[in-house]
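First subunit A sits with subunit B, and in the next complex the same chain sits with subunit C.
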Partner chain A sequence: MRERFASGFDPFVIPFVIGMAFVLGYCLIAMIRVICQLPKADRKRFLLSLITPKYIWMNLRDIFLNCLIHVKLWKRNKVLGYMHSSIAFGWFMLIVLGHLEVMLFVPERIHLFYYPIFFNYFVAETEQTLQGALLMFLMDFFLLMVLSGILIAIIKRFASRIVGMRRTTRLSALDRVGLYSLWAIFPLRLLAESFTAHISGGSFMTIPANWLFRQFLGNDLNALPTWWAYSIALCIFMCVLPFTRYMHIPAEMLLIPMRNAGIKIRHPRKGFALLEVYSCPGCGVCIDACPMSVRKTNCKDATVYLNRQLRRGNERRIAEISDKCLLCGKCSAVCQVGVQGPELRVAQRERRKFALTPSYTGMDVQPLTAAVAGKGGVLYFAGCMTQLTPSIRRATASLLDKAGVRWHLMDPDGGLCCGRPLMMAGRSEQARELIAKNLEIIRASGCDTLLLSCPICYKVFKEEYPLEGVRVVHHSVFFQELIAAGKLSVTHEDGLRLVWHDPCELGRGCGIYEQPRQALATAGEIVEAGMHHAESICCGGSLGSLTLSYEQRQPMTQNALDNLTVADPDQIVTGCPLCLATFVRMADRPVRDLAEVLDEHC
Partner chain B sequence: MVNRQPIIAVIGAGIAGLEAASQLAALGYKPVLIEKAPVVGGHVAEWNRLFPDMTPAEDVLQPLLAGTAKVRTLLNTEISAINRLKDEYNLILSDGSSLLCQAVLFATGFHLFDASKKEEYGYGIYDRVITNRDLEQWFNSRQDARIDKPRAVGFVHCVGSRDLKAGNPQCSKVCCITAIKQAIEMKEEFPDAEIYCFYMDLRLFGKKYEDFYIRAQRDYGIHFIRGRISEVGEAIDNRVVVKAEDTLSGKPVKVTLDLLVLMAGIVCNPDAQQYAREIGVAVDEDGFLKSRNNLAAITDSSRPGVFFAGACTGAKTVPETLAEARSAALAIHNYFNSRG
Partner chain C sequence: MDFGFKLSPSSAVNLDTVDHRRFDRLAQLVPDALTCIGCGSCSATCTASAWTGMSVRKVLLGLQRGQDAEVDKMLSGCMLCGKCTMVCPRGINTRQLILTLCRLDKKGEMVR
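Up next, the complex of A and B:
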């Protein structure tokens, strides 16, 4: 191996150098900006995590698995997984091997950062070495890998259904420039390396191509223009990268360590929120996942478009998309990067100025002094939705009595709101006032368990109430435990087919999937919906949406019902009074709460 | 005329079907009444007295029964299928027989909205919550454990009417006046009881309705509260606690009642929708059958030989239904005459 040019330079590298310098400079400044925008405590926490061995390992592992191998995507869709990991990992290996070649053969050129990229142009193979042949083989191998990924990408763009996506994102003009330049890079690299393969050496792809081209093209004439084209394609890609969805590549590498450090969205547009927006790869998986996409017009309200509008600063659309969302969290559950669609939207809602800001501090509360004091005392908060579905409250009360639980109803006469609807509307300050009032009542009761039959309440009690020493539990979990402990004996009804609907707030929101199923399995035979667990479809009745009308929600409810009834169950069972009330209106079979089903079989 | 005496299938032997059948028979046709229930008379037969003159329901039914005494009436009979032939319709009945007819008259009437769908009102959950039909049956039978010398009674208007979320955006038309009628009857029955009516609008359009409303307030002291009920709870003694907003005074109201009567609204008979689909007759957005013209041809369907009478096209009062039944009979008569 020897160098062909004493200067180690050719003007065709200039576009690449410009592009590289631009993108590195841009990303560096953006990174510093995001870190500076974090609140002080968060910043400290993040920087500390970067030097903690446990986090370093975690970060490296996650970056490798997610950014290069795309493990999450493999689990979801093998074709898309292969496409992404072949491009990302293949490209990564091309860069690494390029550096290795430079280090092995021309170590004095390692400081020229274009050298590893255009190595084959600058060197000539004088003798066949085993080392060289192996590296050449590997280079061709990974290039082939990337090219196969690019081929799938091209097919996907024109026929997304072949790779298992019903809908994909509509690209912006710059995204198209980025996409086409990305597609061009690797075929151009293959051509360029093939044209010079009789000088620089090559392997199983480049040498036959070189031989083939020599027959009718004349390699030497084409070599330099093709290297120019390769360099220009790289330059275009890197220059548009910060303004396209490909910004997710560098952004995700910062997002992963920040998320590992436990940073949350504190400001709707700055810091972590900004980073999440830029980490969105724009793949459009959230479009198919979004329950609103049943209506074609709502496809434009998926998280991918929220991120795009946030980048463009289109305030009208940002407000529209943020307010419309049901906050069911399914986009986050399916997102490969883990962009928190609902959290981003709630943060946008918090920006709104309200003409009226009611205060709840003056409300009278009647503390339930020592109503259920001591060990085993259960305070049951039915919540407003359960007030509207009295049979749930009745069944829960009956089950508690049957199990011999010492309990007290916290809101017999309709209590205070748990605060979650206000939180969802972006009015967390008002919610805090209600939380303080409710806390007073709960503390005074002396209970050691707070029981909820509404997952909307459950989530806020669990996450936002400082209730150390009090166990906050959803009735599905509580009843499952009572059954397991033998305090409730449920008779199994053979042939009764039940499907469990995972409410958004209970499943994706709090991670409770198995206990309700276990409890339900004691009463009948469980069948699963088409999509279930984390992929369960929102009933469409969510409090999350501030602007969807009843008519607009109806097709979403119908879609969720169609999904629930694929196995033709006798009854639809859920653990959320709001899902229940929503489904009952349109279901063709009984819809019941878990407590009702258990109480009937107890 | 090819067929001297055309056969006309009249689906439903409520007041619309009975009146139409008796008129058709008088015009020399052969109507056949097909009734799912074991008795004729439909909803009116279940009612005790009718607004606005407190006429016993019996008095409305008697002449109709007399007029149809000679008409062939198939009780306990459902229609398994309807086929449309060239100029005729073939009805397959639940007893296995088939009926070939030259015209079909839908007198399928309405269904009362299932009040248990509005779970927040507690029908089927709380003991002291009943519907307008339950109350009317009590007037007839005087047997209902839920009605036990009530001292406070509430009437909830528009249960399943004008309610998009219940799937019925339309007005049921007759419940306002029925609620006032029943409120007066309850006050007469239990003079010491306080009676409340929770309404969103009072639509008292018919003859004497307004007088009835004024009497309810002036002579019977019935309280009218404008506001929908938000929720109903149960007190420890099984009485029902009703929360509502009095939108005229802008204040929340909470009353404890011994009896809550839900004025269940009117929805289309689902059987009628099924038959209509089978022979390609249009169903309107509100679920009721669609007339060819809502002003000039309310009894005509979109198909020749298929006619409507009564509440199958929307909520109707008794006089409207009877008038429409006669009109439908005449429309059928004209239909056969024009075919020559």
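Up next, the complex of A and C:
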């Protein structure tokens, strides 16, 4: 290889240089801004993690696997996985190999950062070398890889069902500019490299293309305009990148180390929340996943649109989307970059101002405390929702007696709320007051185990209550252990087909999927729903939503029921009194709590 | 002078002097408020009623009768547990109703 131009410069590189300088400058400022917005302790923690070997390795691995290879997406959808990894990894390799070529053949030009991108224009092939041919081959190979990804992307845009997505995001105007310029970059690169392939050399794609073009275009006058077009396409893409969904490319590289360092959302709009908003790739996977999407009008309330409105600062829509969400957490479960939709929404709710703030400090819980004081053993907190479904409480009590457990009911005549509904409504300060009151009762009882039959309570007791020395356990786990220990003998009923509905708070919220199924399998035959485990569909009754009306929730409940009954089970079994009460109204077959099913077979 | 007994203050409600602005704004924001039939299911299930006598039915009634102090006392005990929503035969989203009410000042304006 030798250089064609002594100056090593041509005016067509200017658009690329402008675009590159702009995007690098913008991202650098944005990164510093996000880091500065973090609370002091979080910032220190994050910066420390950047120099800890364990985290460095974790960050590099996660960035490689998620940003370049898109492992999570591969697991979900092979076509989309290929599309994203071919574009990201192919492009990355083109850049790396471009630098390698410059280092090998014209090392004195390595300081010019446009040189590796436009290498083929600036050099001429002198002799065939194996090294050169191999690099040329790899360049063509990765270009082909990227082009195949772009082809799938174009097909996806016009017929998303082919790649397995029912709905895809409606793009904003700037997103379209970014998208079309991204589509244009690589075909233009192929054209540009093909036009100069007889000078710079090429491989299996560029040389035949060059030959083809020479058959009807007798001169080299097309080469320079195509290189200009390639450079301009790059410039447009990079100039609009910060204002489009493609901002997720740089943002995700900061999001991964921050998440690894354990940073959480502390402010609704600043720091980590801002970074999550920018990390949203706008792919729209959350639209199909959202249980609200069964109503077409609610498609625009998916997390992807929340992120868009947060970027635009549209307060009316932000409030509307934040309040409507069921907080089931499925968008987070399917999100490829791990944007925490529910947490983002709760943070927005916490921002609200109220004219009237409730206070629970004056409530006298002395009678409740006295009733359980010093009893020890297992303390069973039924909670508000179980009080509404007394059959669950009776069945749980009966099972505990059958197993010979020493237990006491914490709220025989109704107690305080656990605080989780307040937290979901964004009133966590008030929830703290309830937590303090409940804690007083639990501590006074001297229990070693706190048993809950409601996953909503379970999650908050587990995460927010400082209960060292007390085991907090959901009844499904507790009964599974009693069965495994032989304290409860459940008779198996042959031919009884049971489907387990994973309640959002228990499954995605606390990661409990298998114990309820194991317990249930002792009573009957388990069949699975269409979507289950982390993909299970919210019953629609969730306390998370503040504004959805009963009528609006009905189609969501019906959709969840349709999903549960695909294998035609005899009974639907769940572990959440709220799911139960919601399903019972519309189900065409018995809906029961795990405790009821076990008690019947005990 | 101590007679050994005293008269209770009058609890009569003069509907002509009642300030309806808070209820009107609520009805505008959450039209469900107008569909309450006062069945009392919410009163029967309320977790907070043991402490503050909270009941959505009484809150709506109190607002229309101008019993602001009683309404505020009841609201300040609500834990948003959602039991009233579950039992309401009219399907009223009581939690939204309560949260909206908490955001309105005495004149019925949303606080910002």
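Everything that follows uses one rule, which is that the second predicted complex is superposed on the first by the 590 of 602 C-alpha atoms of A that agree within 3 Å, B and C clash if a C-alpha of one lies under 4 Å from a C-alpha of the other, contacts with A are read in each partner's own complex, and residues count from 1 in each chain.
The rule we apply is simple: a contact is a pair of C-beta atoms (placed from the backbone, for glycine too) under 8 Å apart; a residue touches a chain by one contact, two chains touch by 3 or more.
The model shown is predicted, which means the values in this text are computed figures rather than measured ones.
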{"item": "Fit or clash between subunit C and subunit B when superposed on subunit A", "value": "clash"}
{"item": "Partner chain(s) touched by A:Tyr550 [first = subunit B, second = subunit C, both, neither]", "value": "both"}
{"item": "Partner chain in contact with A:Gly414 - subunit B first, subunit C second, else both or neither", "value": "both"}
{"item": "Subunit B versus subunit C as contact partner of A:Leu388, first or second or both or neither", "value": "both"}
{"item": "Of subunit C and subunit B, partner touching more subunit A residues", "value": "C"}
{"item": "First (subunit B), second (subunit C), both or neither touched by A:Val584", "value": "first"}
{"item": "Subunit B versus subunit C as contact partner of A:Ala159, first or second or both or neither", "value": "neither"}
{"item": "Overlapping contact positions on subunit A, where the subunit C interface meets the subunit B interface", "value": "387-388, 413-414, 550-551, 581"}
{"item": "Subunit C-facing residues of subunit A, complex", "value": "352-360, 362-364, 384-385, 387-388, 413-417, 419, 421-422, 425, 427, 434, 541, 543, 546-551, 578, 581"}
{"item": "Subunit B-facing residues of subunit A, complex", "value": "387-391, 394, 412-414, 550-551, 581, 584-586"}
{"item": "Subunit A-touching residues of subunit B, taken from the complex the two chains share", "value": "117, 119-120, 122, 125-126, 164-167, 231-234, 241, 243"}
{"item": "Residue ranges of subunit C touching subunit A (in the complex, touch as defined)", "value": "32, 45, 47-48, 50-51, 72, 75-83, 86-87, 91-93, 95-96, 99, 101-106, 111-112"}
